[in-house]
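In what follows, chain A forms one complex with chain B and a second complex with chain C.
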Partner chain A sequence: MSGSEILSTLLGSEVRGDLLVLFHRNPGLIDTVDGVARRIGRTTVAVISEVRELLVVGVLMQKRIGASEVVFLDRAKDRELLEAVANHLKTVRISGEN
Partner chain B sequence: MEEGLRVKTGIVELDEMLRGGFMPGDAVMLAGSAGTGKTTLALQYLVNGVKLGEPGIYVTFEELPDQIYRDAKNFGWDLRKLEEEDKFRVVCTSPNLLMESGDDSLLDDVLRDIQPRRLVIDSLSHLEMFVKRDDMRMEAYRVVRYLKTRGVSSVLLWESPQISGGSFSVTDVGLSFLVDCIVALKPVEIESSMRKALVILKMRGSDHDKRLREFEITPTGIKIESAFTNYEGIISGSPRKIASEKFMELFRGASEKRK
Partner chain C sequence: MHMSLRVRESSLTNPRGNVESVPGGLSSDQRFDAEKAFSSVLVSTVREAVGNALGRNVLEVLTSNGLLDDANNSKEFDRKLELLFGNGAGVLERMVVKDLNRRLGIRYDSEASFDYEKSLETARQVCFLEGRLN
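Our next item is the complex of A and B:
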């Protein structure tokens, strides 16, 4: 996935943006989708598909704990994606300057 | 037990009160009402642990980690940096998830990740929201045993709105019997000002300081001061100067008048 694709996936919607901010500020958060939705003041219905997108990109991971599915930040993947986005933004700036 | 084998809190006066520190692998209950300094003391215990080469985990059910990072920074503790160095983790989750168990426990990954020697749960009181009153002791026992089996020394925070009265109890669900040590924090009103007191109520297998000690929350963390030796009735909520101190005050007053 290219830098611009990652960027557009990560910032594809307002809810996704809220989720990214939540997990970046709170990298140790482990919760159900329902719990995560509550923490950003949204409903589960509004959040579930956005979480799925972030799971596909790999920035979030999923795990079964007893009867519940929980999601949490993949710190290594997150760093990797941030680097890719930063590199992409550098390229955009350089090409803009030319 | 030799002092070197104890789990030091890193707060010199508290370690003295504990005769060197907590016993390794023990479950410690840190009880107190809101604003008494439970979170600060617990974080200080973990940060000092990292300095002593013992990684730590802070499990929070209520406050989000970013608030904890911010508050800790005010005391000069950079938790994010400790996390980057894999010496510390803040885990934020729901109490029911901590209790749910299948093949994997919620804490398994993070325990494997940084191999902590210390762990704080803030707070055990939150389990009450998800567990029937009768099951509370059993569920808390499971959490305590999980940590003990892994050799992790734990500090379990407990919100006790009232540690007072003639025959006070720290919790009303029997958790005091589950833990090995109880440290209670209590606000005290003395001469129209609010002060804070710390007392070790129980410590299995070890002698400890039985006195109520005054403490302050300073810009660098908890600082324990001298004992409230001139007062009685602090725990019962009606502190008064002891008779000998009253007599001394009268005596001082009388001798000053004579001058």
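Our next item is the complex of A and C:
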């Protein structure tokens, strides 16, 4: 997956952006999708497919604790993906005419 | 609350309005201070929004690319953001406005239609009005 594709996935929706901010601000957070949705002021329905996208790209991981499925940040993968995004952005020229 | 609503209405009728559209007007010194204060709040909000979403490395790249040099110029900022982030630019702009509105006590509705330029203008008006009231 290229840096550009990673970027498109990470910023694919406002909810996904909110999820990234939540987990980056709280890198040790482990919670259910319901709990995560509440934390960002959204409904579970609005969040579930966005969480799935972040699971697919690998930023988030899922595991079972007791009767609950919980999600959490994969810090190493997150670092790796954001590094790829940063390297991609280094190649983009933004100077020029207004 | 009432004041914010008035400001928002003023901004809607004059979306490109500048400082002069703030009721009562400001002296040139007050205007300069208010513009400076708004610029500072905006740049720190952009830094925080980008940093929280995409991390410190990405923020450093954007800073060295000069993205934040134009944070106060919404059109130029918008253009650069789109070049860099493509469709993701809209998401980042929403995140910036959401954060900015939270700082300034302006209600943010993620379901409502979104215009970055108008949102910044509203925030600027509120910032100026608060500066005048302080």
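Please note the rule applied: the second predicted complex is superposed on the first by the 93 of 98 C-alpha atoms of A that agree within 3 Å, B and C clash if a C-alpha of one lies under 4 Å from a C-alpha of the other, contacts with A are read in each partner's own complex, and residues count from 1 in each chain.
Just so we're on the same page, contacts are C-beta pairs under 8 Å (C-beta built on N, C-alpha and C of every residue); 3 or more make two chains touch, one makes a residue touch a chain.
Since we're looking at a predicted model, the values are computed, not measured.
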Chain B and chain C placed together on chain A: clash or fit? fit
Contacts for A:G17 in the overlay, against chain B (first) and chain C (second): which applies, first, second, both or neither?
second
Which superposed partner A:R25 touches (first chain B, second chain C, both, neither):
both
- prompt: So, A:G35: does it touch chain B (first), chain C (second), both, or neither?
  reply: first
- Query: Looking at the overlay, what does A:V92 touch: chain B (first), chain C (second), both, or neither?
  - Reply: second
Between chain B and chain C, more residues of chain A are touched by C
Checklist line | Partner chain(s) touched by A:K63 [first = chain B, second = chain C, both, neither] | finding: first
With chain A at the vertex, the Cα centres of chain B and chain C span an angle in degrees (to nearest 10) of 90
**Prompt:** Now for A:S2: first (chain B), second (chain C), both, or neither, which partner does it touch?
**Reply:** neither
Rounded to whole Å, the nearest C-alpha atoms of chain B and chain C in the superposition sit apart by 10
On chain A, the footprints of chain B and chain C overlap at residues 25
Residue set of chain A touching chain B in the complex reads 25-32, 35, 39, 63-68, 70
Seen from chain C, its contact residues with chain A in the complex are 49, 52-55, 57-58, 60-62, 65-67, 75-76, 79-80, 83-88, 91-92, 94-95, 110
As the complex stands, chain B meets chain A at residues 64-66, 83, 89-94, 96-97, 100-102, 104-106, 109-110
Residue set of chain A touching chain C in the complex reads 4, 7-8, 10-14, 16-18, 20-21, 24-25, 78-79, 82-83, 85-86, 89-90, 92-95, 98
